[in-house]
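Shown below is the structure under consideration.
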């Protein structure tokens, strides 16, 4: 695993150098619209409350990523979006207040060039899995990406008693290392992180991780053995999800069209 | 069971031949309105999310059925409805994108001439019963149809590792065979199928299957033996449901009147 | 218990004779408004869905009671209210369709002269207690009336396999007998009945019976012994509820003011 | 503990004398707006229903506190706010109906000079912890204040069979003594009390106590040991919460802006 992560980091670095070589272009407004919508969707779907954040890798510079300034996710608009580098610096020095935990995103983008979008949330049904020894399993095809396994990051193991936040680069790196090549990671006593090769798929996975947690808790409550998706079934069902994600994304985006969201923040 | 299914298929075939003999008539707009409403009701009642579908057998040609094009159920309008044959072909070659899993419906209509409407969903409280060995039982009279028994279709038994979808006719047939003469069937790691002799009753059964799943999970959580409806009680209570279904159907339809649904898609 | 019930019935009869002696007066419109509001409140508070009903004893003729015609509770208006006698007859022969289960109410009014209002519902969190052997207990002061005990009526004991409904006077009587002098009764595989000395208190009790069922299920899930309200605590806390019920009633009534209810039926 | 409480009370007394020495000033309207908003927020966030109350210590006179008259929390406006002394008297003799349980607040303000705001509610997921022997623990950083421990006040221990209310000063004192220097206290068969050094933090803690109760119940349902926040982690995470509380407070306040709340009382 470690060796693979090192290789991925090297690839990411090359991508970054290539990006620096070309002129800076303004970011496609559709990318900003989608990122702000993703933030509002996660609030509308009850994955985030006043806290949590979603980011997307910069469309042309893989060494940068886009994130809103520090604000409640349901209030996000394109104007709130800031461009950050992988050290978490505000590239354009906008002076906006940034999320403390932007390093979660930065270190994952550094370690995983395949990752184009990251969600961090306190997804309520998921938190109990992070504080118990019960591993999350894929209960149905919409959460197939969980069949790859869901590691738990316990900040205390390496960093002792902390305020539970990923407040510096070292913690971010350790988290990214625990994530490995998986799509989801639980943070003990805190929340979870979801990654994906596209923004809509990251939102889709975040929503269905929450759904899956409820399903698994209910299945455990029924008693007896649980037939989860096998690794093989998971991989095959992931292909389907990649094809159908647009149906969910389009619907969810309609629900949070600006104006609606402003009228009824969640 | 198998013999019975064969007989039913023969009867269905005869019905189809009879239908071909008469001239094609335009479909009553009320049928289309009701099917689109049924789709929106299932979203409003939280039986479906961005996924799932409901169909109705063609009112005059039992070899055809009606289904919306592939879209989120809450967005369904009469204009989205397509006429399909029992091989899943778009009879009028509209070119619309079709649901991949239309064969669930097709093969059930083929095998069960008594079935006039079919719902497929990822009904959230129901999924846990499909991945455990706990059989669903009727907790109260509104879900009396469950007292007939609720089989579980595990796609892996005959088809090995798949993407969990009913993606071809063979899988559809195997599912219909597992359904037998029941009103509800669970799909392991996926969702469920509900059938009924009328569209409103199919929606009613889908809603109360979800309700029943929550009730049964809660009853199990309380501990100790559970007194479910007996087979006799179930049959007698089913008669009542057939009489009162209109009260629920009318109410639910009011809630999703077009305009409302468009304003606030679920 | 039986002897007491007989005495109560005798008292009720005397009340009825007294009522017959005075001239019939038109019913105070406030009574009709409140009954229709009570019906809509129970829908708004998720105690009833498309089914269930609430009634109030006639304000001047204790041998009669008021109930809406058969319709979804959230749609109730004063114009839907019918006056019934204790045999369930429509006194004014309005020709309106009546609820089949009006005899639940009739037989309780006959047996319990202290009861002025009755709610019958399929209160979702309550049903599991009716199909298990776990007795409902008062978890907190708002549900203090449960500390008197909550009997379970199993229709099968006297009437064998039925459609689960209280479809005739004999079943109604048996139910009223099982209720005894309690405030709440569970119906196995069906729902529950709540009674009270006033309409607002009947609604209050119906709401907090549902709340209590959720609380008790959660407490059982936590494990270990549960300290419920004692009988003494229950009686004392019931006095408080009788004093504060108006605060809840007024709030709930505001939420279902006509116009709102019509716009968004539940 | 007792000695510490005595010292705190002495400090509070000194503060009060100091306050009496300066002239009475009108209360900053922002304080009244915030207190009414806090009340509506608690309803909007489902911590309170028709019952429950939040108070804030008087901004310049620590021997007084502010509380709405007796009404459903979602209806609170600045005009409903009354100034009370630590005996629960209406200082300005407004004649408004007061909450019976204002002595919960009074006695806590007397015993805990560090406390500036108090919430009392029947927070639904929390009640089960008060009737079982399962101690509440901090499941994640947003509820870090629970890591200090959550005592249970059983009114029966000192006062025998009561109506479960804190209906006099002696009961209020005993409750405050059980609270000690903690941030949260459970009341057996009744609800809970939350205290904090600021009003927004009291609301934040009340909301996340409810959230934490759901998380802990779910974690228990999963089975096996639970890794809660340690005391050290709790203290460190409390510092973070104090910094980020504004993000939640601002969002929640937007949701209950007057006009909205009036249109749709909860």
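By written order: A, B, C and D. Residues from 1 in each chain.
Going forward, a contact is a pair of C-beta atoms (placed from the backbone, for glycine too) under 8 Å apart; a residue touches a chain by one contact, two chains touch by 3 or more.
If you're wondering where the values come from, they're calculated on a predicted model, not measured in any experiment.
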item	value
Chain C and chain B - chains in contact with each	none
Equivalent interface positions on chain A and chain D, same or different at half	different
Angular offset of chain C relative to chain D [C-alpha, multiple of 5 degrees]	90
Rounded Å distance, chain A centre to chain B centre (Cα mean)	35
Mean-CA-position distance for chain D and chain B (Å)	49
Multi-chain contact sites of chain C, meaning residues that touch two or more partners	221
Listing of all chain pairs that touch each other, if any do	A-B, A-D, B-C, C-D
Residue ranges of chain C in contact with chain D within the complex	138-142, 144, 211, 214-216, 218-219, 221-230, 232-233, 236-237, 239-240, 244, 247-248, 250-252, 254-255
Interface residues, chain A side, partner chain D - complex	49-51, 70-72, 74-75, 122, 124-125, 127-129, 131-134, 154, 156, 161-165, 188-191, 217, 220-221, 264-266
